[in-house]
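Both complexes shown next keep chain A, but they swap its partner, so chain B is in the first and chain C is in the second.
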Partner chain A sequence: MKLVMLAILLSTSAALAADALSMADLQALDKQGSYGELLDKADRVRPSERTADWSKLVRAAALHVLDQIANDPGSDLAAAAKLVELVPAAEHKYGFLTGDKAYLDGKGRALARVVKICAQDGGCGNFIQYLGSGVTRFPRGTARQIALIVSEDELPSRTVHYWALAADDDVDACQDGRLDSAVIYELREPPGDKGMADAQRAAGTCYAALENDLVRELSAADETARPRPAFLINACAVMKSHGAMTVLKKKKCP
Partner chain B sequence: MHRLTLIVLVTAGSLTAHAGGVAEKKQRAAVDEAAAKAAADIKDCGKRFAVVFDWKAYDGLDWAKMGRNKDEYMPSEVSNLAELGKGIDRLCSDKDYRAALAKIGTIVYRSTNDESIRVKATITGSTMRLDNYSFGSTRSADDYETAAKAAL
Partner chain C sequence: MRILLLLLALSRTAFAFTGVYGNDTSRARVEVADVPGHPDLVLVGWEDLPGTAMPGAMILRRDRGDTETRYLAVGGGGLVALVDRGGATLIAGTLVPVIEAVTDDPAHPLALVLERGRKVDAAALAAKYAAFEHVGAPGESRAAIEAAITARAAKANKACGAHVAPAVQWAEFAKAGKLALAKQTVAIYDALEAACADKDYRAAIAGLGALRVGLRGDGLALSVKAGELAVELNDAAWNPRETAARWLEDNL
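Then we have the complex of A and B:
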């Protein structure tokens, strides 16, 4: 039995060694413009050889592939399929991509094509939410479309990231009642919650449109309760810096 | 024959215009009455307020551009005014609001076509102006109370 295990291990190591790629291989793929293949195989470079140049090649390849998807003259559906094939695998293999601004911006551009399909057919809010993770910039108008799509499938607080981006794009989004709900719901969550910065930014951007609902909610919150209600902590941070210091703000946001 | 037809038409036209004028006057009086009632509804602040309907703003709306008839919306303004006094009166039970309202003498209700608001209060000197988007749902006491809280 031990011998069998050893044989398997040896054969696996041999196979891995045979499959290993060098940096020169990756550079060749880059020169050939075989960005998809490069992205697929870059993890076969031995960890000890994964230098800053390796990361650079991976980043550049990912961006090229995303740009190809964004600009592909083919159908939006084909673009969506390519995106599904690329994004989860690439982000799983090369975790550093999820923190790379250029990559995330590229993902935002590519995602805009998928959004077009979803806006027509609906039912892909969760999918968009998953693919769009980490993106903070979309082509103008896309964030609002995503917010609308995601609002069909998600709780209001889970949509606040897209609503905040939509309001950054165009303050007209502030008039949408779904943005209002997303912000208010998120402001009720514990401080430091994932979407809090987005909710507070949107509350500031859309202050005039949301003011009455913020005031209503602030008014209903019990300032004597301990622990202090999350809404008071989260909303006061915004409300104190917008408009006059009213009777209500003095009472609830000392 | 032609002269007779013309006289008949002119007379009929005048009668119609006159009838419209009376109806309009009645509707305007009903709006002013609703404003007066709103003022009477503010009972617990220990003082009297004047509630004024801003006719200049109402008449100044671009009704033709909106494709709406000015006369048809007066009854809905009566409904909008119905809860104004109750909304403001709710604030009087709180001493801080009562103190803030002590500086206010006149409450002006102003119709707007600004879709970006429901009711928005602005305070200038001793006047609190309540701008209302007049083409949305009928306003409740809560709408006025909240708007005033945002400004006081």
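Then we have the complex of A and C:
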């Protein structure tokens, strides 16, 4: 049995060795402009050879592919299909991409094309939510479109990231009741929740539009309760620095 | 059994909400009437309701939920809320609607049964609301209204240690033929005096120099501008005392 296992292991490593690529191979693909292939095969470079140059090649290739999708003169549907093919696999293989600003910005540009389809046909809120994960910058107007699409399928608090970006784009978004709901719902979540920074930023940007509802929520929160209500912890940080310092704020947000 | 269930289901949609409701074990009584031109509002008068200090009447807004319809005071801060869960009780072989009145303790609403055969005196109920919320009587003179406001302002200012002078825009009310609405300034002073029970609000009110009251807008609107409390009254400024009390608590 041990012999069989050893044989399997040896044959597997032999196969891996045969499939392995060198940095020179990747650089050749880069020079040829074969960015899709480079992205597909870069994980076949041995881990010990994955230097900073390797990461740089992968980043550049991912960005090139995203830009190709964003600027492809073909249909939006074809662009969407390419995006679906690329993003989950690339982010799974090269986890560092999800923290790369240039990559995320590129994803935002490419995603704008998919949003056009979803805005027309609807029903892809969860899909957009998934693909858009981590993106903090979209072409102007896209974040609001995404917020509207995602609002149809998700709880208000799950949409706050896009509403906050939409308000950054254009304060007119502050007048949308769905932004109001998203912010209030998120502010009720435990401090440190994933969307809290977005909710607080949107509450500040849209303070004039949200003030009545924020004050109503503040008024209803019991400041003597222990543990202290999450809304008070989250909202007071914003409310103390916006609008007049009212008696209610002094009492609830000492 | 099936027929009874069917009758119950049908009865839920058939009951009109307006009417006189009472409770056998107490003297509590609630009257409900429509507000003409406002299908989402009802005028509710009450007496001897546990948790309320005095009889009164307020305007409540219908809030239809999946399993119940709640009636909550316009502007918030209502003394009474009603809940209609579509319930009914069998009295002398007839299904009679049952509603719940919530006053001081939401966990213990009071069940009230429609008193069949008793009709709401809509005019009397409207007069009760007018008295409760200080709407002037038809034909009440400006002098009489002004005297009432001045007296109430003096009492509230004394209680608050404040100098919030009434500044009613009489010309606006007179031009529109709505002097009676101006008397609701009294209700705003009620709210100011109530807020003064708290030392922090008392200090904030002491910083106000005047109460400027005009006729405009749609619904009661309050704001503080340049050290003055500005109030906009109009035909839809329902429940001014409670609405103002709530606003002062939230915004002063």
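One rule holds for everything that comes next: the second predicted complex is superposed on the first by the 254 of 254 C-alpha atoms of A that agree within 3 Å, B and C clash if a C-alpha of one lies under 4 Å from a C-alpha of the other, contacts with A are read in each partner's own complex, and residues count from 1 in each chain.
Definition applied: a residue touches a chain if its C-beta (ideal position, glycine included) is under 8 Å from a C-beta of that chain, and two chains touch if they have at least 3 such contacts.
Fair warning: this is a prediction, and the values are worked out from it, not measured in the lab.
A.B. asks: Overlaying the two complexes on chain A, which is it for chain B and chain C: clash or fit?
C.D. replies: Superposition result for chain B and chain C: clash.
A.B. asks: Determine, for the superposed model, which of the two partners chain B and chain C contacts more residues of chain A.
C.D. replies: Of chain B and chain C, B contacts more residues of chain A.
A.B. asks: So, does A:A208 touch the first partner chain B, the second partner chain C, both, or neither?
C.D. replies: After superposing on A, A:A208 lies in contact with chain B but is clear of chain C.
A.B. asks: What is the contact status of A:V58 with respect to chain B (first) and chain C (second): first, second, both, or neither?
C.D. replies: A:V58 contacts neither chain B nor chain C.
A.B. asks: Please indicate which partner A:A79 is in contact with in the superposed arrangement: first for chain B, second for chain C, both, or neither.
C.D. replies: After superposition on chain A, A:A79 lies in contact with neither partner.
A.B. asks: Where does A:A182 make contact in the superposed view: on chain B (first), on chain C (second), on both, or on neither?
C.D. replies: Neither: A:A182 stays clear of chain B and chain C.
A.B. asks: Overlap the chain B and chain C contact sets on chain A and report the shared residues.
C.D. replies: Touching chain B in the first complex and chain C in the second, residues 215-216, 219, 246-248, 250-251 of chain A appear in both lists.
A.B. asks: Provide the residue numbers of chain A that touch chain B in the complex, in ascending order.
C.D. replies: Residues 174-175, 208-209, 211-212, 215-216, 219, 243-244, 246-248, 250-251.
A.B. asks: Tell me, which parts of chain A touch chain C in their complex?
C.D. replies: Interface residues on the chain A side: 215-216, 218-219, 246-248, 250-251.
A.B. asks: What residues of chain C sit close enough to touch chain A in their complex?
C.D. replies: Those in contact with chain A are residues 76, 198, 200-201, 204, 249-252.
A.B. asks: Using the touch rule from the top, collect the residues of chain B that touch chain A in their complex.
C.D. replies: 94, 96-97, 100, 115-120, 142-143, 146-147, 149-152
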